[in-house]
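One chain, chain A, appears in both complexes that follow, with chain B as partner in the first and chain C in the second.
This part shows the complex of A and B:
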């Protein structure tokens, strides 16, 4: 029996979760929500994490009904993500690891998403679409490595959605992407947007510039409603993602596809992926907002796998890094 | 600004136990100052006292670095108060 606690704070969510051999005992999270029209900045986000880390930690222990001495390993997000928020969260993880005399494991955030998705859905060897505010990657496992088959060459798909939500001054509560998704349901009229797929990669920055520039005047003139714009944006970017995911599945001969990351709880994306999977005779796996969106349990789960395969991190090496690619990690826990 | 003389800030923080000063030193010395940030940071501990020396040729950089250090230190001490078993 191994109990792992995970500390996640790479973006605007501060999450701490506890996992006991594949069972989520607790997974509280506190989100830094900015006013409409504003994104979250590193310094303010780090302050948010410092202010809430200890109460969220207490909540995680209380809900799991365990004591610090019951924990076997402390896991924290090393990266990728925003530097200052990562460090603030890591400081708490390092301190409790020493106070409670427990080993510590540095976890790659992307690997956390993949391992949590695999745990929750029970998928065995899926092609993974990892879509969030900071990352957009199509990943498949091979030879002890999560290989990146395709990715964004500029901004993440979630960043594209978030920034368009700012143009429309949509609320950031619970998240800008959620509010785009709700508004898009009322969209009727499709506006053609730049569709940029380059081989296995995608690009969203040109599309974003285009829609940022056009949207205010098209809405002003009454030609399109904000709902039409959200609908058009979602249909276009999701179609791009499905295209590269399908190509990766064809290449790997994969019969499973798993969607992870914050954008992964978008029902329309899941629906489109479901259609593609069905046409190929493949199975779609996805999770809900509890596990798709950044959370502590996913870091605990990846750390749990690493720890059981014999990995621990020395205290002096428990640094954080803004850039940390998914394919840099040797996946010692899979065959 | 522009001065080439080295300026420094020395911080000494007492903890209730030597072990806590050691934990704070271990936790806080992991993150290095940015390589070309113009500030050097040396962290040590002696008994129950945590010692920090920040050096730079620019007072402004020292202030930023010291501020950030104190914010981090506060989080570490609060974590100890709330989650540290009595030593």
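This part shows the complex of A and C:
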């Protein structure tokens, strides 16, 4: 029996989760929400994490009904992410590891998403679409590595959605993407937007510039409503994501597809992926906002896998890095 | 025309038949139910047109592609030559690696691939989906009775690579009139597809690039510079959780 606690703070969510052999004991999270029209800045986000770290940790321990001495391993996000928030969260992990005299494991954030998705959905060897505010990747496992088959060649899909939400001054509560999704449900009229797929890679920056420039004008003239714009944006970017995922599945001969990351809880994306999977005779696996959006349990789960395969991180190596690719990690816990 | 199912690709259904006695492949882009009807129609029309144009331009510039027999815009189908016997480059590399046949065949293949892409880029053809599954290896046309001999795909593997030629297929994402940026991305797509499908082939890509530079002397320097930029963008882009 191994109990792992995970600390996640790579972006604007601070999450601390406890996992005991594949069972989530607790997974509280606190999100830094900025006013409409604004994104979150590293310095302010780090301050948010510092302010809430201890209360969220206490909540995690209380909900799990365990004491610090019951924990076997401390896991924290090494990267990728924003520097200041990562460091402030890692500091808490390092401190408790030394206070409680427990081993510590540095975890790749993206691997955390994948392992959590596999745990919750029970999928064996899926093609993974990882979509969030900072990442857009199509990943498949082969020979001890999560290989990246396709990815964005500029900005992430979540970043594209978030930045368009700022143009429309949508609320950031609970997240800009969620509010785009709700508004898109009322959209009727489809506006054709730049659709850029290159092999298994996608690009969103041209589309974003286009819609940022056109939207205010089209809305003012009354040709399209903000809802129509959200609808058109979602339909276009999600179609691009489904297309590259399907390409990767065809390429790898895969019959399972898993969506992870914050954008992964979008119901329309899941629906479109479901249709594609059905047409191919494949199975879709997806989770809800508890596990799709950044959380502590996913770091605990990946760390739990690593710890059981014999990996721990020396205290002197418990650093953070803003850039840490999914395919840099040797996957020692899978065959 | 009796049509038999051949393969389900990512964006089209492939069927085999005979077209006036010739082996034929029908590529039908069926309606993708997941995407908006307007988007679907526009992508399908645009891709069929650019696919046919690109294949024509390839052939006029000495790059082997299947011959197009007919295009039917009603059913979104392209009728083209079924190249046989042939194997995919992907199968070829896997076979070489499995039999530990050494680097020679791979480097000779890389030379050919670099040549083709170099020529294509020089003619402003951006394939858009360069993977090892989208390149076939077929018997070089000799113009005599020998070429009509019937081989099986397994025979192809026994052939000397010098007697085989690369046939480029699947131009579904092709663009004409490319900038150095587009060409750089084209090479980047190939690099990623190669390295993710076939582990330990870094040197094969290097050899492709060498041959590419030789065969696209005017444009290569700028394209390779763009490739380095794109690599950097992909690998070192700030990735926020």
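Just so we're on the same page, the second predicted complex is superposed on the first by the 335 of 335 C-alpha atoms of A that agree within 3 Å, B and C clash if a C-alpha of one lies under 4 Å from a C-alpha of the other, contacts with A are read in each partner's own complex, and residues count from 1 in each chain.
As a working rule, contacts are C-beta pairs under 8 Å (C-beta built on N, C-alpha and C of every residue); 3 or more make two chains touch, one makes a residue touch a chain.
The shown structure was predicted, so the numbers you read here are calculated from the model rather than taken from an experiment.
Enquirer: Touch check for A:221: first (chain B), second (chain C), both, or neither?
Expert: After superposition on chain A, A:221 lies in contact with neither partner.
Enquirer: Should A:148 be classified as contacting the first partner (chain B), the second (chain C), both, or neither?
Expert: After superposition on chain A, A:148 lies in contact with chain C alone.
Enquirer: Comparing chain B against chain C, which has contacts with more of the residues in chain A?
Expert: The partner making contact with more of chain A's residues is C.
Enquirer: Look at A:95 in the shared chain and tell me whether it touches chain B only, chain C only, both, or neither; answer first, second, both or neither.
Expert: So A:95 only meets chain B here.
Enquirer: For A:197, using the defined touch cut-off, is the partner it touches chain B, chain C, both, or neither? Pick first, second, both or neither.
Expert: second
Enquirer: Which holds for A:243: it touches chain B only (first), chain C only (second), both, or neither?
Expert: second
Enquirer: Is A:319 touching the first partner chain B, the second partner chain C, both, or neither of them?
Expert: first
Enquirer: Tell me the contact category for A:67 with respect to chain B and chain C: first, second, both or neither.
Expert: In the superposed model, A:67 contacts neither chain B nor chain C.
Enquirer: Hey, what residues of chain A end up touching chain B and chain C alike?
Expert: Common interface on chain A, chain B vs chain C: nothing in common.
Enquirer: Could you please specify the touching residues of chain B with respect to chain A in the complex?
Expert: Within the complex, chain B contacts chain A at residues 23-24, 26-32, 71-72, 74-76, 78-80, 82-85.
Enquirer: Mind listing the chain A positions that touch chain B in their complex?
Expert: 47, 50, 53-54, 57-58, 68, 87-88, 90-92, 94-96, 98-100, 315-320
Enquirer: Can you check the complex and tell me which residues of chain C touch chain A?
Expert: 8-11, 32-36, 38-39, 42-43, 128-131, 133, 173, 185-186, 188-189, 192-193, 196-197, 199, 230, 233-241
Enquirer: Note which residues of chain A are touching chain C in the complex, please.
Expert: Touching chain C from chain A are residues 8, 10-11, 77, 79-82, 109-110, 132-135, 142-143, 147-151, 153-154, 156, 159, 190, 192, 195, 197-201, 235-236, 239, 242-243, 246-247, 249-251, 272-273, 275-276, 279-280, 294, 322-325.
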